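Chain naming follows the written order as A, B, C, D, E and F, and within any one chain the residues start at number 1.
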């Protein structure tokens, strides 16, 4: 897949506002990395037809909870809603995570998701 | 949900052979724990209607890859197939995991899944 | 054990102020999860007679340091003191964690504990 | 604390058989590391008076479960029994770990502990 | 960078024997993943000029110890020697890891490295 | 190595400003721990001649990214520059981490490093 496909899917999933900001902040330090994830994460993985985007969001949310990346989790809760996941399904993903990743990870994840959903209602 | 519902779903997802062995091996050390996971993990989480079982399998596979529980992963690759996930979809879950959990976790996960699929074809 | 036993022990260990706030903030997203941890974490595990609460606090503190859940750690340092752990014993738990979990985890843990103990002295 | 104190406590906790084997296998690769852990882990931490050995075992078991070091866990289940922890208390430590570290870690931990206890009964 | 560059560097670092086996075992499940890591991990990262291969080996060894991927660690201890790292330098990497990743991870890592170095001397 | 050697190297790597603040903030809770890391981490590991400090920085950065200790990472990006690592080499370390530790860890790490480098330019 091309860089253009990657950038298109990245924008569809993460939103123009987020990607514009990431592009704008790109520096000498982060340029190669930004290019790599656009081509690789977005152009090669998220563009694959084998799973729908809602399923890819569920996988991504779970990986972030399991690995403790809660800043990134907020961004991907928003992405999950953009990918058609309902708030109730987000709840179910986090409940399933609670038993497999432990209660402290789930506590943190529910707190993050709660803030994202409240922000979205304003 | 009751202990009976939990045991029924546990058997449907993990297979009678696996659960019979777990029940048979239950000891004074593991009795309370076995009861706890039957009632909570299976009776309270896997029985919830909000996500289908294939989605719950995708979440579980991802958590196991992210946390490095590869023995448990083999069991849940088999469970994923029982829950209707195709081998191609299992591949896609692991590819999505590769970018979020890192390449060493994905290497190990693909090796485990490969052995499970080969065993299933015999 | 019942939901009521869980709620009673949760209040004894985490304090009324914390639990009142958790109950008050409960939303459609978090209701089932809050109920699950009250019954499961508190009603089924913390209520068990086989270990005293100080020992359960030591285990919980260690798990949080090892897994890097430092927000949750602050709450459980306060809980450990409520469970009768002295400040000197909290220090010993974190020193033991330093060698098993690595120095960066211990650095973070000591900084969190330091803030909690200073707040408690005011 | 001296190297001698460290070696004495290491032998008391891990057993002569284990430590003799570790000493015997020491190579050019591992010599400095073996010396370092005898002096620091054993001579500086396990010798401290502020917690009894059973409590230090509970902390160590929890760290190993949380971090997924299950080979090392077998050695420290044996050490915990040497430090006066009953089989029932080991069970309680692992149940407490289940909720904080997640069910896959607890599954693995109970399987390891089960094998150690069976070996000890022979 | 091209797929060919990736495959060349992969062979130089991991050895023909290992890569031949990986290629031979490639299945429908693992084909896309194998292609992805050849192009990205090897073709895009290991081919970059900004760090020498010994430094890249030190980083890789550390990541594997920190994340607990000890099967993969054996392969990369061999790769580190192929990249010009001496056995004494491998020892130093693992000692540095001991303080940052904790003693259980270092124990496991030294045991793995010991086996690799013994095999290499036969 | 002595406590004095440890303190000297700690100051050379982390900077006087940081170490003065750590010394000044030392409390009854943290005194033994501060002493332990000065003697052990700095006096025994960082003083070893077998690897140069730039290599030790690369290992430390990687461990912190892999384990998710991003507060500590900021301090060690500054230390890496003090140890002679160029901004371009820091970028390469983080790119190598991206494939082994996963993209979310790398996202966080690049954001931390970006802030440190911007602060240094002011």
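Throughout what follows, a residue touches a chain if its C-beta (ideal position, glycine included) is under 8 Å from a C-beta of that chain, and two chains touch if they have at least 3 such contacts.
Note that this is a predicted model, so its numbers are computed, not measured.
**Student:** Going by the stated contact rule, which chains contact chain A and chain C alike?
**Tutor:** Both-contact set = B, D, E, F.
**Student:** In contact with chain A and with chain F at once: which chains are those? Just list them.
**Tutor:** Common contact partners of chain A and chain F, which must touch each of the two, are B, C, D, E.
**Student:** Does C-E or A-B have the larger number of C-beta pairs in contact?
**Tutor:** A-B
**Student:** Specify the angle of rotation obtained when superposing chain D on chain E by their C-alpha atoms, rounded to a multiple of 5 degrees.
**Tutor:** In short, 120 degrees.
**Student:** Comparing residue numbers, which of A-F, C-E or A-E shares more than half of the contact pairs of A-C?
**Tutor:** Duplicate interface of A-C: A-F.
**Student:** Please state whether the interface between chain B and chain E is built from the same residues or different ones, using more than half shared residue numbers as the mark of same.
**Tutor:** different
**Student:** Among all other chains, pick the one whose mean CA position is farthest from the mean CA position of chain E.
**Tutor:** Centroid comparison gives C as the farthest chain from chain E.
**Student:** Would you kindly tell me how far, in whole Å, the mean C-alpha position of chain C lies from that of chain B?
**Tutor:** Centre-to-centre distance between chain B and chain C: 29 Å.
**Student:** Distance between chain B and chain F based on Cα centroids, please, to the nearest Å.
**Tutor:** 39
**Student:** Check each residue of chain B and list the ones that touch at least two other chains.
**Tutor:** Touching at least two other chains: 36, 40-41, 63-64, 67-68, 91, 95, 98-105.
**Student:** Taking touching chains as linked, do they make an open path (line), a single closed cycle (ring), a hub with spokes (star), an all-linked set (complete), or other?
**Tutor:** Topology of touching chains reads as complete, every chain touching all others.
**Student:** Provide the residue numbers of chain B that touch chain A in the complex, in ascending order.
**Tutor:** 40-41, 45, 48, 50-51, 55-56, 58-60, 62-67, 88-89, 91-93, 95-101
**Student:** Could you list, by residue number, the parts of chain E that touch chain B in their complex?
**Tutor:** For chain E paired with chain B, touching residues are 25, 27-30, 32-33, 36-37, 41, 63-64, 67-69, 71-72.
**Student:** Please name which positions on chain E make contact with chain C in the complex.
**Tutor:** Contacts found on chain E: 99-105.
**Student:** Per the contact definition, I'd like the list of chain A residues that touch chain C in the complex.
**Tutor:** 68, 87, 90-91, 94-95, 98, 102-108, 110, 113-114, 117
**Student:** Using the touch rule from the top, collect the residues of chain A that touch chain E in their complex.
**Tutor:** Chain A residues touching chain E: 36, 40, 44.
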